[in-house]
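Shared chain: chain A. Partners: chain B in the first complex, chain C in the second.
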Partner chain A sequence: MGQPNYTPNDIKPLPVALPLNEEGLAFYEKKYNRDYNQWTEILQKNVERMTKGDLSLHWMNTEGSSWGKRAKPSSRGLTYTDVNKLATSGKMEAETRWMNFAPRGSIREPYFDVMPVIEDYTVASRDELWADNVVTLYEEAVARQWSATRDIPWGELEPLPEDLEKASCQLFTFLTEVEFVAGDFPAKWLYRIPQDFLEVKSFLATQLMDEARHQEVFRKRALAGGGLLHASPGFEWALKAILDAPTHTMGTFLLNLLGEGLVLSIFRSGEMIAKTHVDKEIFRRTLQDEARHVSYGVLELKNYLDTHPDREKAVEEMHRFADVGEQIILTAFTESTVIEPVSILLGGGLDKIEQGLEGMLKVWAMFIEEYLQRCDRAGFNRRERCKIPIHAPW
Partner chain B sequence: MENIETNTRTQDTPAPVSFPSTAWFQALADLMNTDRDTHEHLGFIDCVAQFTVLDGGPDGGRVAYQVTFEEIAATDVREVTDGDSAGASFALEAGLATWREMIENIAAGDGRPDLEHTLNAMSHIGTPIALVADDPLERDCYFRFNQSLQTFVNASCQIVTVFERA
Partner chain C sequence: MKVATQRNGHFYIDDTCIGCGACDHACPGKVDAVFSVKDDFLGRFAIVIEECIDCGFCVPLCPVDCIHDARKEGIVEGSGGYTLIKELQAWAESR
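This part shows the complex of A and B:
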């Protein structure tokens, strides 16, 4: 190997440390200096009062509230349903004008004009988010959390024959790849949703936690079985299409109803074809979580369509979106990185992959029929327009 | 009556219970309700599960039992006339031989079925157990509470089961 053809004098200086931080800080300073009068007025009043030794105690005035009614727990504890029976919990309006953190049900009207506006809160309409089962699903999610570290009998994991282990690890690699989009999508929208829709925000937070745990458990399983195998470009495009969905309802349809509906079917298949009790336990736990997300997706779409002032237009827009979304999802679910390992596990080995592929034909038809049934349940008939063939393309 | 028991009886073991029968499902419900810690760890379960034995009736016809789950308890067990699934979130339907195979397998595993005899493994492709529901959202309850339902049937290893038509 020859000497490098440069001298120390040729080495360029390192870039200025963290230029983005500098830029961001300058913007932050400018922004809060712009609003200086508004927040310093509050500060000044408070300092003056405290300097005089005065107390405000205005917060003890309950005028304009339903103060005095106490929330009572039901047999399962104090649920959102229990507290929402009280007027003091506040009414969820169809459109909220509260683009700040003031809790629904608090005495907040007198302060409206002096509160900041959170520019990122862009989803002001309840019916872009709401589902009639969202409170139930939130309480269920909280009650049914589990630990990927503690609740899986990892100590029982035994090595499988190489073809089955590789198929298992490829399946778990694919699942690791897809799981966090179901966290990133609600995360993307969570901070755009005003506080008045706290029940929906709470449910989306459980979905985030669920998906973090799924990514965790699948990653751990792959690494415990030999390692992560191949990433899947076809899935990457589907995941990007979910994140890029133009509205919360459209993205929820593509992610929760279609995508997670299909992943739920894969989890059920995974449980059926699992070669170890460890894998069975993993799939039984994850499929429960996934089914909650699917249920939210079905009734969120139903509520959106049922409450839309121009249902026909809303349905047609959803069809246009689904026309694209289904094709991209089809791209993903034809990837060899998922079809082949599942077929090997279903057949019982690489030498029985043909039998596995035949078995997949039956399961595929069932997957798609279940998707169409969920669309029907939401009042969104995709049977004539569905871009995913009812029969598997092989 | 085929007098084959899934557990070896000793003086301390309870009396045999026939499958299918209301008493058998009630025994499972009682076991769930006394094992609150396990079910509390798994979380709330709210649904009505129907277990249908397609040829379990006295004349070889259908017989079905609905178990109502609320919070972390099985609050009601009832036989359903003619196997009608009205009122159930979903029904699991199979012949007596299939149910027997599953129950015996769970007993042989001392409360844990082998890889082929979990509820999901036996019902996923519709055979030998069929998952039936009119409403896809109600059908999804079977998946949402699957671990609790599996734990519920796994407790059958503690019942001395004899198999006979109802």
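This part shows the complex of A and C:
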């Protein structure tokens, strides 16, 4: 591909007194003025053609393409499903070699050797990120975006008794703390996924937007109710474990299938947890978003295991990862900063926390069973190995 | 969210739907049989049996296996973890 091979020795350290941005700029200049010379050849040809007054018009040549087939909309408009039926949309290969921005379906083969390579595109295998429902989930996500500023009736939020308000604000602090890992994780991987998997990249972009909105709505709710309360070390370790996951599939399992599944269980309980209709509206809207992320996680793991050339090995590796991940998620789920406020809200006050803990037992059981059901759906049986106790430890 | 007796299609969604909407955009062409149940807090979806053409495209997209073909399975209740919300709802109502 004509790319220069850099070694660490090529990068000469600049004097300490020199600002870092100058060092970076010098390295950039070196690369693009001296080593990446293919772009200057393209520029030179273009200038020569223009100087002569010639036209190229090579881009009107449709030989080798399926030009002429027109995409037709379905009942919901022109969806990715509609356009992907056409050969002109380009076939998604199991392994892509296109590590640049040349659109799938475009006439790009003649230019392969003179195009740059984005070194950070490392997830070249479709089956490390694909889920059969990712296209329709993307369409759904786009259709159901909402605004945390406009769509929540903030003006109708009435003050609660102090114990319930503090419990609400602690719960929303917890949710603020955990939500943005679900933005950072897809962001981390989005940049590693080549453009040929545009449907997955697009879905991950909606997940990022969803999580930005969730962080926003929970933060606003806490601040509208008195303020943010306590951050939690137990959550922090769980969130770090998600970001540090060694592969996209493993991290997606820990985030979407387990972590967001836990959060979805809380949102689904929102009718009982929320003490104001404003909070119910927040839970109602966020659970729809969260359900999409959980849904992608389940079928992504299923696809990964179903298509793996050595399924038994892949399953065992996932078990090893889940053995650790479940215990770290358990660390978060046992924090008093989530168990106690939810119990107070379920019970109806600090003086009714014992009753609330009975309700919390049911939330716990629901969370575990829902999680194990998702694993079953993905073809990943955790029932014998699950590290999270099926019954709450109280 | 149950199947009526007069219908064209035979697919239905049980009440363990989590509301992800993966099925909502699965209908082919001009068919649009899946809809979000109005005012349902859990955001569940249902199938308009008069609109459904039995293509079954939605079934493999569901993350919780809650879409069924009545011809093969009959009318079944949802099962598994996603039914446990009913126990929490019953507990809350009993207080």
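Annotations
To be clear about the criterion, the second predicted complex is superposed on the first by the 372 of 394 C-alpha atoms of A that agree within 3 Å, B and C clash if a C-alpha of one lies under 4 Å from a C-alpha of the other, contacts with A are read in each partner's own complex, and residues count from 1 in each chain.
The rule is short, and it goes like this: a contact is a pair of C-beta atoms (placed from the backbone, for glycine too) under 8 Å apart; a residue touches a chain by one contact, two chains touch by 3 or more.
Only a predicted model underlies this, so the values are computations on that prediction, with no experimental measurement involved.
Superimposing the complexes on chain A yields a three-chain arrangement in which chain B and chain C clash. In the superposed pair of complexes, A:Q355 makes contact with chain C only, with no contact to chain B. In the superposition on chain A, contact of A:M50 is made with neither chain B nor chain C. Of the two partner chains, chain C is the only one that A:T81 touches; chain B does not reach it.
By the touch criterion defined above, A:A26 lies against neither chain B nor chain C after alignment on the C-alpha atoms of chain A.
Contacts of A:R268 after superposition on the shared chain: both chain B and chain C are touched. Of the two partner chains, both chain B and chain C are touched by A:V298.
Of the two partner chains, chain B is the only one touched by A:Q145; chain C is not. Legend: residue contacts after superposition of the two complexes on their common chain; A:I368 is shown touching chain C, with no touch to chain B. In the superposition on chain A, A:H277 makes contact with chain B only, not with chain C. Comparing the two interfaces of chain A, the one with chain B and the one with chain C have residues 75-76, 133, 136, 139-140, 143-144, 264, 268-269, 271-272, 280, 284, 287-288, 291-292, 294-295, 298-299, 359, 362-363, 366, 370, 373-374, 376-377 in common. Residue ranges on chain A touching chain C, taken from their complex, read 74-76, 79, 81, 132-133, 135-137, 139-140, 143-144, 264, 268-272, 280, 284, 287-288, 291-292, 294-295, 298-299, 346, 348, 355, 358-359, 362-363, 365-366, 368-374, 376-377. By the touch rule above, chain C contacts chain A in their complex via residues 18-32, 41-43, 60-65, 80-82, 84-85, 87-89, 91-92, 95. For chain A in complex with chain B, the touching residues are 75-76, 133, 136, 139-140, 143-145, 264, 268-269, 271-272, 274-277, 280, 283-285, 287-288, 290-292, 294-295, 298-299, 359, 362-363, 366, 370, 373-374, 376-377. Within the complex, the chain B residues that touch chain A are 42-44, 46, 71, 112, 115, 118, 120-121, 124-126, 135-137, 140-141, 143-147, 150.
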